[in-house]
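One structure coming up, written as structure tokens, with questions to follow.
A, B, C and D label the chains in the order they appear, each numbered from 1.
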Amino acid sequence: MAERRLSASAALAEALREEMTRDETIFILGEDLVSHSGIFGQFKGIPENFPGRIIDAPISETCVAGCGVGAGLTGMRPLVDFHFSDFVTCAMDELCNQAAKIRYMFGGQVKLPLVVWCPDGAGLRAAAQHSQSLEAWFVHTPGLKVVVPSEPADVKGLIKSSLRDDDPVMFFQHKRLFAKEGPVPEDADFIIPLGQAAIKRPGADLTFLTYGSGYHLCLQAAEELAAQDILAEIVDLRTLKPLDMETVAHSIQNTNRAVVVHEACVTGGFGAELAARIQVELFDYLDAPVLRVGAKDVPIPFSPVLEDYVLPSVAEVIEAARAVTYR
Amino acid sequence: MTLDREELLRMYRTMVCVRQFETLAGEYFAAGKIPGFIHLSIGQEASSVGVCSALRSDDFLTTTHRGHGHLIAKGADLDRMVAELLGKRTGYCKGKGGSMHIADFALGILGANGVVAGGLPLAVGAGLSIKLRKTDQVVVSFFGDGASNRGPVHEAMNMAGIWRLPVIFCVENNGYASTTPVARACSVPDLALRAAGYGMPGVTVDGNDVLAVREAADQAVARARAGQGPTFLENKTYRIRGHFEGDPQKYREEAEVQAWRDKNDPLQRFAAVLRKGNVLTQDLQQGIWDEVEAQIGQALAFAEQSPYPEPKEALEDLLVNP
Amino acid sequence: MTLDREELLRMYRTMVCVRQFETLAGEYFAAGKIPGFIHLSIGQEASSVGVCSALRSDDFLTTTHRGHGHLIAKGADLDRMVAELLGKRTGYCKGKGGSMHIADFALGILGANGVVAGGLPLAVGAGLSIKLRKTDQVVVSFFGDGASNRGPVHEAMNMAGIWRLPVIFCVENNGYASTTPVARACSVPDLALRAAGYGMPGVTVDGNDVLAVREAADQAVARARAGQGPTFLENKTYRIRGHFEGDPQKYREEAEVQAWRDKNDPLQRFAAVLRKGNVLTQDLQQGIWDEVEAQIGQALAFAEQSPYPEPKEALEDLLVNP
Amino acid sequence: MAERRLSASAALAEALREEMTRDETIFILGEDLVSHSGIFGQFKGIPENFPGRIIDAPISETCVAGCGVGAGLTGMRPLVDFHFSDFVTCAMDELCNQAAKIRYMFGGQVKLPLVVWCPDGAGLRAAAQHSQSLEAWFVHTPGLKVVVPSEPADVKGLIKSSLRDDDPVMFFQHKRLFAKEGPVPEDADFIIPLGQAAIKRPGADLTFLTYGSGYHLCLQAAEELAAQDILAEIVDLRTLKPLDMETVAHSIQNTNRAVVVHEACVTGGFGAELAARIQVELFDYLDAPVLRVGAKDVPIPFSPVLEDYVLPSVAEVIEAARAVTYR
């Protein structure tokens, strides 16, 4: 049977329609959702099919996030749309001091089902305040789960698990990947458990550890490298917290070399955490240092020539792969 | 709506309970038995009791760093409260929260909050949840005059306003935000003036007159239950103790405090009313104080005898599915 | 205060300049020459010009994602503006900012802002700086009806209120925040009603009547310079173009837009007044349009001929002392 | 001449008095500063000596931070007091989207002198929302400098450089260390340049890389280790951004072993960045993986037994030192 292909947006919308049908406590709250089915059209079909369960909020990210927390504590399963992930900066107290800590501070009295959906990433010439990848902040915040899908099927499987999960989840989906298509299972019960990485391309010479848009850079790099007989294995982490260290370890035990690739700027990014763990937990397996490829340490500039230069490139990924394989 | 004798006495008893709880908490803190810092609500009992006595047990509440009174007035368990203040395993939060982080979700208490104004957006979320779940619950969100200047208050009031949510925004204007007098921080004399900016009624009441507070609260609750939307309630009161226990209080004269303590004590005022109406007698009053004292003594004993958590328990309760 | 002929013509000319600039920016965007996305202020020229013409060149300004008009009205250089929209090295920000991030600190323009309401706290800071430096400058902070619901607006207005800072909060109520009609997002019909909550005057004016806007702005500026504190000015206007170029605009009827375009165009209205007062003649009007067209054509040519930055320049301008 | 000793608070106040005398564009903005000279008494003498230049703000962290930016852009040199570092969550847009990006977004048109003073850290039984160490978020934000002093002299020298610097500086000072005394030069021109680490204790067997409260853990650990003939060198980083990698490298080239110690929770903390860099830049020098010691990955609990368990301990530092020295 021919695989059905969907865009990442369509995969998200399908998953939401399935879950909202399954569980009527799920609702969507955010800015400008109803008339255009989300500013990226990511909620296609929801306004028509679930009137009253997708709600346009005023421009009030602080209260919108807090609203998600309050609703999640009182019997609902909110998905909060953050419009642009850059605006999580307007709700860090609600996300990191409230959502992340409530269950713990109150001694486990309550659960907080809450999905914070954040369209992130650069490449749209949207400049410094509409292009960030901020997942590392939340990885450093105990009490939050962090999910970053790269392909449509992952989007469907992971948003469904996130909506069924009883803990707050930060869900980052890359703006530039909404239209990108891929095979997506039709099965309404298809889910991808949080904390499960996927080996998306096998290879014996080195391991690419990546997620989100970084995955697509690695895929291209792996193909070009294959032509030079360097076989890269690609581990798509998919969930950064909880982290599937087991899959990471298995891969590196075979390849003895690793390169972490993400779009966020290198310094203090998630690649730092991963490299720091690997050089301890797999010290004896490493034949080369763990290299990191990410954006250069500046805000995202507007002009295409500048933005392209700042963002990580396939060439840089290939260069890192060559470096760790000493070829 | 007039309150019957039982209700009036229940309210007085609760005010006595808050007063005695706070007084003893202060003593325990001074004695070094309570870690961290605590903020007491002595002098503000009419606000917590006047408002919370108008609520049902399934109504929601968010409170602040100065929340003991609200918790007690909503029916929180004294044993577990004291145990939490002492950091014991039997406390409301197994010792993880302390004075600033007590909640009782079974009673609709969505929690005290260490972040000033942190509770308001949560309250709006609870209000939205009520609307979506189609129940007739209401939410009260307590906050202070200082908190009223934070952005989340604005966003919360606007959202509750446009969606006509059953949320009661109750600001306890106790004259100070930490060291800062209200007039130096708030650009309006009466905070209730801001309600007009959100299309909701704004009421300023004598926050030390428990019956006045109760009446205003009853109206706000009725409006909310009837689906007529939010109300802004400003209880003008006064903080008798320091901002936190141990506060040097260089920002005010002792005489100012003394005047409020002597002439405007909410318990004395309510007792006088009840005595005048023959609801309360000398004996009955004494009986209530003794009974409450015994109850709190018991809570203290329970807490003192309770064990501390095991260190490793610090790793529990973070996530449902780690 | 009455405006002399030169001033009136200068204002009309500036409005024409904003209109033509935005129109050409739209065409360039449609032609794929402008990367990213742009937000045009066509239909709102009376607000930007009415307010900014009341300012001195050393006064400060913060603007928004829809800021081209404010920049031009404050005197920004068209060549550098267009160059920035195109991402050229000769642009105001050397191509690092784009449409949403243009500033000219030499003209007191503290910047457009990609974050809705992001400019207001900065404006208050500039106001505080004016007070501390003891100058008689003023600050205008433009924001939209949608922005008015964000928390920073509340904090900013309260701070400006208590400190009586020379800040003019100018909300351009253009009927929509992206896809959301103002009535669905704001809990009051007139946003100026909120001013009372901060002890400052609030004025709602016909934002498409440039003289009415100018008069209100003159009063606000006079108040601010005299140290009498902030003013809240609401210019009721209408966004003729989509929220961004390419906006499908399913949230409104074309007829609604058409009605504003036909019956309430700020340029036509001002021209009519000027013609009636014999300030403007057919020829003079044509001359102004031609002259502006030439000027903008020159700016476009300058920008097109300008080079793009070198990739490595992306690493410059982050810190003064790296 | 006998060295003069001051508490960290007194050192801060002295530095501020000196700088405010030297430069009248400096002023202090924050909550509850005047009547008690700051809620920790950290601004002793300022209200009396500089009336009008230390300003009580309403509880409006968002606008207070933005106010600092606006004033810094228009000729002043603001120091913004954040009351408790936990409340930076209320101003992440102003700090990370505005302050950090303004100079860059506008093509270097303007400089932004701004010091954001954040009292941070745990140990006061202040629970989850008043005990955090959030420096890693800002290290991951291009455009900000990050300073974390550990001793009174560092406080004086670093706050003075921060106030003289033309870029925004996040300055984290540990609440539990305010009263701790140490020698402090009286010289009004004593400054410590940003980006300069200090080797505060020489040792040949391993290197402790630390800052803030972690320094004091390392000091105690080093003394106990010395009794066991394990000689630990202590590098107090003092500034996390810019980072003095040269001093870090020199030390590790001698010891071949490193342990990073900080109070922030381990996952995603600054230790990750440091370990990730070291295992690349000093790969050939390392005889052991770079270990990290920090708080356990939960919010800070209230009860003393719980909080003490969550925070990093001298014992854990010693254990890590033993592990990297294989003894």
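In this text, contacts are C-beta pairs under 8 Å (C-beta built on N, C-alpha and C of every residue); 3 or more make two chains touch, one makes a residue touch a chain.
Because the structure is a prediction, the values reported are computed rather than measured.
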(message) What are the mutual neighbours of chain A and chain B in this structure?
(response) C, D
(request) Report the chain whose mean Cα position is at the greatest distance from that of chain B. (result) C
(request) Compute the distance, rounded to whole Å, between the mean C-alpha positions of chain C and chain D. (result) 41
(request) Provide the C-alpha centroid distance between chain A and chain D, rounded to the nearest whole angstrom. (result) 31
(request) Could you please state the distance in Å, as a whole number, between where the Cα atoms of chain A are centred and where those of chain C are centred? (result) 37
(message) For chain B versus chain C, what separation do you get between their C-alpha means, in angstrom?
(response) 45
(message) Two or more other chains touching the same residue: where does that happen in chain B?
(response) 93, 95-97, 101, 113-115, 118, 149-152, 155, 158, 162, 184-186, 318
(request) Specify, in ascending order, the residues of chain D that touch 2 or more different other chains. (result) 58, 60, 62-63, 86-87, 89-90, 93, 97, 104-105, 127-129, 142-143, 298-299, 301
(message) Help me check something: in the complex, which residues belonging to chain C touch chain B?
(response) 149-155, 157-158, 161-162, 184-188, 193-194, 196-200
(request) Give every residue of chain D touching chain A within the complex, in rising order. (result) 86-90, 92-93, 96-97, 100-101, 104-105, 127-129, 136-137, 139-140, 142-143, 241, 264-265, 267-273, 275-276, 279-280, 283, 288-292, 297-299, 301
(message) Per the contact definition, I'd like the list of chain A residues that touch chain C in the complex.
(response) 31-32, 34-36, 39, 56, 58-63, 86-87, 89-90, 124-130, 296, 298-299, 301-310
(message) List the residues on chain C that touch chain D in their complex, please.
(response) 60, 62, 91-97, 101-105, 110-111, 113-115, 118, 120-130, 132-133, 151-152, 155-156, 158-159, 162, 316-322
(request) Please give the residue numbers of chain B that touch chain D in the complex, ascending. (result) 35-37, 87-88, 93, 95-98, 100-101, 113-118, 146-147, 149-151, 177-180, 184-186, 248, 250-251, 308-315, 318
